[in-house]
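Both complexes shown next keep subunit A, but they swap its partner, so subunit B is in the first and subunit C is in the second.
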Partner chain A sequence: MISNTKEVKALDFEISRSAEEKRELLYKDDICIGCGICEKTCPVDAIELGSIGAIVRTGADVPKIVCDEDKCVLCGMCSVVCPVDALEFKIDDESIKDMDEYPQLINSAEINDDTCIYCKACETACPRDSITIARDLPDRSKLVTGEIEIDKETCIDCGICEEMCPADAITMEHKLPTPDDPTVSSDIIVDKDKCVYCLICKKSCPVSAIKAACRTCSYGEYDLNPEDYKTTGSSFIDHETCVKCGWCQEICPVDAATVVKTFDGELSIDQDTCQACGACVDICPCNVLSFPESTKAGKRPEKVMSDENYCIYCGACESVCPVKAIDVKRTGIKHTPTKSKSWEKQIESLKT
Partner chain B sequence: MPKHIVSGLKYLTAVELIREGYSQKEVAKILEMDRSTVSHYLNGRNLSWNSIEIAKKITEVCPKDFLILAYALMQDKARIVVKTCSVRDYKGIIKESCIGCGLCADICLMKAIVLNDLKAQIDSDWCCGCLICGESCPTNSIEILEVKNDF
Partner chain C sequence: MEMELKVNQDNCLGCGVCVVACPVNASISNEVAGGHGSKTTETIMMVENGFIKLFSPEKCTKCGTCQLFCPTDAIWLE
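Our next item is the complex of A and B:
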């Protein structure tokens, strides 16, 4: 008799069936956001969403979803509708993401490296830590020019310039004086790659041993190459963890980030019902929900507020709210076409 | 005894295939037998009429029992025997509710089902009417109709 096998690794699971073809469903708990869309879509009710509120708030070692391998028929629908790809489905080792007959949710997040100025705002804002910006800063020495010289005859090796230099460009070779060489320093060196010609050393030298001039001010940018000012780099989005929430797009000062969301919708919070317990704030994968700052010390915080710009309408907050104060409406779903009526129907049923 | 029934079933299949116009060589290939054995069978040698009679009775039992019995006796070779000796024709209809899980294709002993655009498709030539697919379908999307009955 043909039956499914299930393998559980920590909080993850794999369900598979091998007969005419090998079908596999792979679940990764660390990617799952506990939205419950798979539970709603499963045509055979094999998936059950756990008590995600408790799991997220206590960090309990239990998976966010449970799939009954005796009920699962390995159709792959849960994998297609999972907004974060926590469920992967493979047929004969090929992901259904690469198969035309299976529909796919349409969503994307991209950073255009030609426009990006590598300010790292997106990296800081990303609620899933999915963005890494690697940047190469311009050479400091190429942005200023000037001249500096220390007259070693006049210099009394006091070390004031070394201590004062904000760029750590001056180094003295300190030593103990000996009868045959009664000096405290053997040499004083200026690293011209570090020197920014601020003239602090010159001004602070008690014996006026330093001659220095900054050319950048007097000649403007005349002898500098604008190419040298540029910060270069590269951006990387980890699509495994990225939830396409739109934070990067909203925060980017130069519009280098573009995010396409799968769902259109509406998020509403009934302020009268809300008990400000914070479960929704904890579960939201997109930092959409927050409590406003308390206006007065000891004052109970205001009810939860939301910024829909970042919402992916996954509905996790709605299902976690213990007093049903949150309503997530999905009005549109972007997905690639499918010839199957039942799949179309199941996907469209996610609209509320 | 099972060996005799297998011979009987093969005999019936060979006779039917010849009647359908296959050559002895082709029949031997289809049944994976020696050509001489096929020839013996067709001339009624090496075979007791008793076995043929029992085999005949087996082809007439309900399709599911016929298939399961034949499959137990000769595994994958049962497909051609059941296809050829079946006295009834069937047509499978897949409803729109099919989710393309492929359970029916996995379970079909006749290998009569394939998936196409996330929907099962039943090859009427091979469908033997056993209804095993329908029993396993999670969405009750399979309907098997008997379109011809020579019994």
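Our next item is the complex of A and C:
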């Protein structure tokens, strides 16, 4: 029994056919970067890239690509060349990404947790919000050492120390005075886990009721353990959304991130043709392009600047540019081998 | 799925921001980018008698720039 079904969930699509084997093509619109590589690769011209500039910039409720169910032969080539995981092809419920017979683009992004110092620079820089750094900060109390004591006999319950304390370590139990207890506070407590022995309270106390000393300043840190200073944590990269752009690798201060890109290439912008509309800046999934600020009054900067360190040569900017001012050349493609000459040819045709 | 450039003259203030912002217009006629407004119907759109009018919409590449700049949603892609 051969049947074709098409199920549309919001902007996503799913085309499947079941015969001897079940073949499915699944598309996730929120992951698609609109590069159009699938459209260029499809051997039967079933995929059409939408008006990508307008879709991305105006938030139109339109899918970035559409696939003609009647033309699609469910070969899976589009899912292999998709630089993100927007297209997934399954045969009998198994993704072809897990099958040795099918070629794969070679790319990766990794963060080495042994080297990572959990500074979160990569998390902030990632243009696709694909990185999550979870970190446990050291206990503040284990980084400082000292002594503090409030002489409650001398204390006049003014509350100045409580207000001054930058670490919120001092709490006064405020109360109204009564004839049998004519004081304005029932107790004053110092939380030694919060106190950093900065001595602000001691200096600001009007009656010198506080005795405090920072041991670090006076005798050294012999009672502290350097192991306790460390921030620990873990890193996570969402490989479904990650575009392997290299921002994490470039920004990491300790070289903990390693990115391997699929394409080698060259990005050039014709500054004379560019009209600075910003379509390329908005579409680029890798935050490669930006409008430079003028360095000096009256000095005209370049219209749009690019940093190829972060470019994956997907070509989205080139296809969105309304005045053809951008040229993206792909000179090399890393992929695992395939025995199929036609697949090899189609993948190699992405070189320009 | 190709989108289409549309205008609604009822909303249009005739400010001409879309005419100036459009990168295709500017590449057709430099005067447009200078802010003088278009003097040729070769451009995609132009303000005529105080309202926006499409002249060569087939040149539109659907980049969405006009829509981003229009203060009254009088020009859009759908």
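Going forward, the second predicted complex is superposed on the first by the 339 of 352 C-alpha atoms of A that agree within 3 Å, B and C clash if a C-alpha of one lies under 4 Å from a C-alpha of the other, contacts with A are read in each partner's own complex, and residues count from 1 in each chain.
As a working rule, a residue touches a chain if its C-beta (ideal position, glycine included) is under 8 Å from a C-beta of that chain, and two chains touch if they have at least 3 such contacts.
The structure displayed is predicted, hence computed values, not measured ones.
Colleague: Do subunit B and subunit C fit side by side on subunit A in the superposed arrangement, or is it a clash?
Modeller: They fit: once the shared chain is superposed, the two partners occupy separate space.
Colleague: Classify the contacts of A:E48 with the two partner chains as first (subunit B alone), second (subunit C alone), both, or neither.
Modeller: Once the two structures are laid over each other on A, A:E48 reaches subunit C alone.
Colleague: A:T273 contacts which: subunit B (first), subunit C (second), both, neither?
Modeller: second
Colleague: Quick check for you: in the superposed arrangement, does A:M77 touch first (subunit B), second (subunit C), both or neither?
Modeller: first
Colleague: Touching A:T58, do we find subunit B (first), subunit C (second), both, or neither?
Modeller: A:T58 sits against subunit C, while subunit B stays out of touch.
Colleague: Where does A:D307 make contact in the superposed view: on subunit B (first), on subunit C (second), on both, or on neither?
Modeller: A:D307: touches no partner chain.
Colleague: For A:E110, using the defined touch cut-off, is the partner it touches subunit B, subunit C, both, or neither? Pick first, second, both or neither.
Modeller: neither
Colleague: On the A-aligned overlay, A:E250 touches which partner chain: subunit B = first, subunit C = second, or both, or neither?
Modeller: neither
Colleague: Look at the superposition and give the distance in whole angstrom between the closest pair of CA atoms, one from subunit B and one from subunit C.
Modeller: Across the overlay, subunit B reaches subunit C at a minimum of 23 Å between C-alpha atoms.
Colleague: Which residues of subunit A are in contact with subunit B in one complex and with subunit C in the other?
Modeller: In the superposed arrangement, which is not itself an observed complex, subunit A uses no residue for both subunit B and subunit C.
Colleague: Residues of subunit C touching subunit A in their complex?
Modeller: 1-3, 21-24, 26-27, 33, 61-65, 67-68, 76-78
Colleague: Sort out for me which residues of subunit A touch subunit B in the complex.
Modeller: Those in contact with subunit B are residues 2, 17, 19-21, 23, 43-44, 73-77, 101-102, 338-343, 346.
Colleague: Taking the touch rule as given, give the residues of subunit A at its contact with subunit C in the complex, in rising order.
Modeller: 48, 50-58, 60, 62-63, 66, 273, 275-279, 320-323
Colleague: So in the complex, the part of subunit B that touches subunit A is made up of which residues?
Modeller: 96-103, 105-107, 111, 117-119, 138-139, 141
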